[in-house]
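Presented below are the structures under discussion, each in the form of structure tokens.
Both of the next two complexes hold chain A, though its partner changes from chain B to chain C.
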Partner chain A sequence: MRQDKGKIGIKEYFAIISLTVGAKLSDDTPAIIYENAKNAGWLAALLIGILSFFPIILLIKVYSAHKGKNLHEILLHLFGRFFGTLLSICLLIGGTIAVIADSGTYVDIIGSMYFTKTPAIILYIILMVICAYGAKRGIEQIGAVSWLLLPYIKITLFIALIFTFKKGTLGYLFPFWGEGPLEVAKASVKNVSIFVDFFYLALIMPLISSYKDMKKGTLISLVFITVELSLALVAYVVLFDYTTAEMLNYPFHETIRFIQIGFLANVETLFFPFWLVATLIRFSFYLYLIATLLGGILKIKEFEYLIPLIATIILLIGLSPDAPSITLYTVREKILGLLSPAFMILPPFMWIVAKIRGDFKNETSL
Partner chain B sequence: MLKEMLTLLKKQQKQASLSVDKLEGEQTSLKEKEFSRNLQGNLSILKHLYSIPDNKDIKLRELYLEGFNRQAALLFISTITDVKSIEENILKPLTENTSSDKKVKDIVAIQMVHEITLYKDAVKDINKGNALLILDGEPKAYIMDCPDFQSRAIEKPESEILIKGPKEAFNEKAVANISLLRKKIRNENLIVEAVEVSQRSHNDVFVLYIRGLANEKLIDNIKERLGSLDVNSIQNLSLLEEYIEERNYSLFPSILSTERPDRAASFLEDGYIVLLMDNSPDSLVLPATFWAFFHSPEDHYLRFFYGNFTRALRMTALFITIFTSAIYVAITTYHAEMIPPDLLLAIAASREKVPFPAVIEILIMELAFELIREAGLRVPSPIGPTIGIVGALILGQAAVEANIISPIVIIVVALGGLSSFAVSDLSLNFAVRLTRFLFILSAAMMGIYGMTAVFVGGLFYMVSIKSFGVPYLAPMSPNYKSSKDTIFRRLTKNETLRPGFLKTTDLQKKTTGE
Partner chain C sequence: MKLRSKMMKVIFLTAVTLSLSGCWDHKELDEKAYVIGIGLDKHKIEGKVKVTYLIANPEVGSQQTAGGANEPPQEIVTLVADDFISSRNTANTIVAKEISYDLLRVLIVSEELARDPDFIRIIYSATKDREIKRSAQFIVSRENAADFIKNNKPKIETRPHKFLELMIERGQETGMIPEADLNGFFRVTESDADLYLAIYATTEKIEKDEAQTTDDDLLAGEIQVEGTTNNAQFIGSAVFKEGQMIGRITGEETRISSLLDNTWATEDILTAIKDPFDERYKLSIRISQKRENKYKLIPEKGRPTIEIDVPLFIEVYSDPSMINYAKNREKVKELKKSLTAAIEKNFTEFVSYTQQELKGDTFDLSIPMRKEFATLREFREFDWMKTYPDAKVKVNVSIRFGEFGRQSKLPKLEEVRD
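The block that comes next holds the complex of A and B.
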């Protein structure tokens, strides 16, 4: 029988990944991709998926030699106490900044697209309170809620995409390679860190019921998300053409404003709750990840108690920028540029170190 | 640190209070004594214990037994014993007996005869409706099994009404209820254990389970919880429920109460545990998940599509009850652009003369509906609900004409209110009705954003609560091996597994026959 305490199964794991990473298609990530890849953004997304396959598979390979350890413990083991902790701290800072920028962006989306009169601080507080509550409940609960709501969120997204395609012009997809294959490749390499979340997932790998499930779940969700993101990027281009899509900060929300379902002219409030649910689950999970990492670094066993503190810090820093849609966009772009090489280099590096140390020797099969 | 100290302190206080605890006025020291050889001595103690002759229904019959050549006495409570049986099967054989070497056991024509030596046991058994026989010169007493408590007959269920399916319901007699269950499960492994839960009134709780199916740990856990209660009296299961449930302040129920023996039996067969008690026309099923409250036995009695259609309706009703009023508030206050223009104009026109904001309007009407519902329930006649609904209609009509409420609010609230009746389980019904107010308030404050936030927060809460170690939304999420009987059911022949979360000894309950 499955269900050891505090562990999640493959379904929950898949649900968490596809909600947290999958939500990226609805923020300003598409805009960042379009900026370089123009109308071939969807190809760039596919390329990003293929590119990130390598670090992820290496990461899984490294994990296979250290089953039961999370990312921080593996780093400590591979690089020694000092460098391991240093690396973890860097990861923590990078992750926290990313979450701050992301949550700021999402609050900005809510504030500028739906609740224009409500002060951002109130929106932010509600977001953080619910997410902190969810994160404090633990990974099992986050997984359970994700799995419970995943079908509805994906079905509504699918409906939105169908209506988008119905309304769009397929001709906008051409020229097929946008500004040329090289540009597309450049855009993908630059933005490969869109999937850097997978690296952080190594923090919860020991919490998945079995190694096989973890491996299967990671790879399936990588494929699923790549296809999903790519489809969404096609949809935006088809609907808006790339010049507009590039200008739009939040193309998903513009899309659901644009489309029309039968006699309902304004359907964004129909899709908004589902998107919001995904958002809330997403940040709950991120808070949980950060708390795990921080707890690992500070050697705090009951790291759940750190969550309210982390949420408060994120809230305070996230509120500070004056023009969030511009500042956060730049910050996010910078972080993506910074994390991309890290994401591509660190797992191979870890693998090489593990190989040199001979961690794979006493292992029978991958 | 502080927390630990506090819990430690509390524990000590509890222990102190336990050791002080003695049941005043219960004459405990007298009950600890043993019977003596002297009949008159024994009788005087019993008279003292039972306050004879103040206590009018305690009957003490002294008699001379010719066969034994001895004085004897028979003590029983006439209101709870089968007096006819005493006359025919105890008194008559005893007095007519002439042989001196027969034992009492061989003379009386009674099912069970026990010999006891302590007053404690004597009192316990007499209070259960048995008769006590003492012979002069013997330091013991005989307990004759002849209880006859008054109760009503087996009737039709009143709150869990079905069109198709068995029509028997539990009544207030535990013995009858157990018999109804045994009629459905003819298996020697159906165990009925009795646990005494109260010190003064000596209420017994019957723990029913199927040995070899139900999880032993769960059974021990429940028996331990029942045994550790320190109360004077628990009259029935509804009161017991609050003593043994885990989260008293939670909105969601965690123990299922059903008055249908067929339902209880099917839960037993799946490895659940059922509690029965005298004075309760229902049974408690535990552990209970959300789905147990959501389901109705008729879903399985009806054919596949009909049953699932009912399930779909019930789910829709559940969501309508929770969300319609809140969505109305949210949309009219925050998201007016969403409504098609014609409808928007219609709503605006109907609200033109109403002086309140939408949320106040809705709250007034919801409150009125709840009041009428509660009042209608207490009207002492079966036409109560009808009066209630008529009252609601007239009240609504007048309120609209007086421009206090706009007509569309009546539609919204009535829809939500009527839908709430489709959620048949009383506990879940209350949970749903109360959550509705939470959503109305959040919608009034933050529109759809507030509602979604509360919804997700609520869901996080729901998946984290457990009923006797079983997650509330299992087996849907977290996922367990089961027959997937959640929102929809599968073909009965395909429901081959017992729910995995119960950790039953035997997961498979049938083969598909292939």
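The block that comes next holds the complex of A and C.
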């Protein structure tokens, strides 16, 4: 790891998570949640946060016995060379498909909402080139940029939310339980993998300055993101009512086109650049994660050189679907459905194996 | 190291900035024709619409009117098209610049088209277009939209975007016209529980009996104006049910709807009401709402009861019967009593009108009612649109008085005439 001389602190770690996972409120994730949970989408988001707490805490527990190893190395240690590699490959494929679908969605957002005449391929190339460059700079730089830009991105988002609440009607949130408590629970269980990023975060856990910072950072960002996502879901319903919010492809972008700030009518031009920067950081980080995992599997020390290759593959596959906004939506929905059980089951499974193997013997905390 | 990280930031930010400019979507301001309003009319061939563009001239009214000093402030183009998306290119056979909906403020639909069951198919194009915003206002014109746009010639506010913006904003403040954006139209149509109100306007004059009931119990076109002013009138609402226009309500009824609706705040309602102390005259009052309405649903077998408590803040601005309220607390009490009764009667009459004629409520009543249900399924089974016409609606008005005009005392009539 040539370029990662230093490690990142809790600030950078928190910034990375809140930008990468937090950005999900601005794509079609809300639409996926609303589909089942309707106007109680915000409840579903809170429930997702609570549900994902368990696998995350178990993952941290497992890591505590293997400090200094990343996810791939822990898997190898726990399941042996063959099964460990197999699991890693599955994770790699799942992660790559998710990134392909996500990046395709983001290109579709930019193409359909803002730059309508620019060909998608150009947008995709620009996105991937910038992100590959960002990823190649290494985690330290991604962390620094995230921390640097975090306040601007979150403050503009906060402003957008305030004006949304001002314009909206709180009555739209009722009936309180949406389609019913059971439906809300179903929506959460199905889509709990919205937070699957936390599982992949185990790939960079050894790069955080201390174990304590890592644990604190993960939990703080989990709470922060859950609240943020939930607030955003409330905001969209309050502004559009659930029947309409459910029909919108990208509620966040409809929101910033709809709201007015005083006499300023076209405020999306104010929010769009910040959102774009968050997007670039997000995909830089994803490319970095995939490269780390692939480097681990192929035993390549200087895995940064894999990044351009991965970016190219993502670009080529991401461009292929016909009618991207429809195809990618279904693909994303399917991936979420597939990753959810994996996210819920894998960490407990890892913990049980670690327990059986007696990895926790030296630990006093357990 | 420090220099390198600085360099990196500079390069990163430059790359971001460069990618933002977007060469393909780059367009100079003077290369675009900004459409402020779109008018939609029925065409005799089925499936076609007449589209009218109200295009603003950005050079008029700005400080540097070097080239466009003698140009008119607006340009109007009417053409037949399949919808208002593809009509953009057709319009380019006449207009030199690229047609842009970026600054679209109003959508004007003729009453004839709005009453057509197929209207909903046309209007939903607005959700597909990338430039049309959901905040655009929705106007229904009594005559053809093309005529409305053509005859609407404001004398002082000649720039069309400014005129429409001010006209609508002020009308909404006084409650004469409803708050009617496209988002509301789609929301109400999709949730299918209430009726939607669009702004009703016209440039045609309609003769009506001079002995009108009140100044605001009128529809667009019925107000008798003289002088050298614009002949467009914005008053009243067009009522939409399930995406189709089914009727219209007057300015007064629109104001009642706004008072019964918590989501819709009107600040400045000036109206006249019969003077309880002298049949011949009317009292001018200013109504506002300082507190929110309270709604209660009492479910009963078959026929639920709805109770609406409407707190009003009233300032009495005239005293034609020369009562001198400042010196007469008894009379104030009496006034309060009679006003409460009169307003309650007005409200109740309007509610029963919506129940019998419109068969739905025009004041988003389903929104506060949703609190009474735990799940959406229960709410759907209740079927608000079907239940409302048979519901027992009770409106309770409670009045708080504000000031009685700038000068509350008046001379005694008998002493003046002495």
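A few remarks follow.
Here, the second predicted complex is superposed on the first by the 361 of 366 C-alpha atoms of A that agree within 3 Å, B and C clash if a C-alpha of one lies under 4 Å from a C-alpha of the other, contacts with A are read in each partner's own complex, and residues count from 1 in each chain.
Note that in this section a contact is a pair of C-beta atoms (placed from the backbone, for glycine too) under 8 Å apart; a residue touches a chain by one contact, two chains touch by 3 or more.
Keep in mind that this is a model prediction, so the values were computed, not measured.
For the composite obtained by superposing both complexes on chain A, the positions of chain B and chain C are in clash. Legend: residue contacts after superposition of the two complexes on their common chain; A:276 is shown touching both chain B and chain C. Using the contact criterion defined above for the overlaid structures, shared-chain residue A:116 touches chain C, although it does not reach chain B.
Using the contact criterion defined above for the overlaid structures, shared-chain residue A:320 touches neither chain B nor chain C, since it reaches no partner. Shared-chain residue A:210: touches no atom of chain B or chain C.
In the superposition on chain A, A:11 makes contact with chain B only, while chain C stays out of contact range.
Shared-chain residue A:330: touches no atom of chain B or chain C.
By the touch criterion defined above, A:312 reaches neither chain B nor chain C. The superposed model built on chain A shows that, among 206-214, 458-466, 476-484 or 494-502, the segment of chain B colliding with chain C is 458-466.
Under the contact criterion defined above, the residues of chain A that touch both chain B in one complex and chain C in the other are 114-115, 118, 122, 126, 130, 133-134, 137, 141, 144-145, 148, 265-266, 273, 276-277, 280. Chain C meets chain A in the complex at residues 5, 8-9, 12, 15-16, 19-20, 22-25, 102-103, 127, 130, 133-135, 183, 186-187, 190-191, 262-263, 367-368, 370-371, 373-379. Those residues of chain A lying in contact with chain B across their complex are 1-3, 8-9, 11-12, 110, 114-115, 118, 122-123, 126-127, 129-130, 133-134, 137-138, 140-145, 147-149, 263-270, 272-273, 276-277, 280-281, 284. The touching residues of chain B, when paired with chain A in their complex, are 331, 334-335, 337-338, 340, 446-453, 455-457, 459-461, 463-464, 471, 473, 476-481, 500-501, 503.
For chain A in complex with chain C, the residues that touch the partner chain are 38-39, 112-119, 122, 126, 130, 133-134, 137, 141, 144-145, 148, 169, 171-172, 174-181, 239-241, 243-244, 247, 254, 257-258, 260, 265-266, 273, 276-277, 280.
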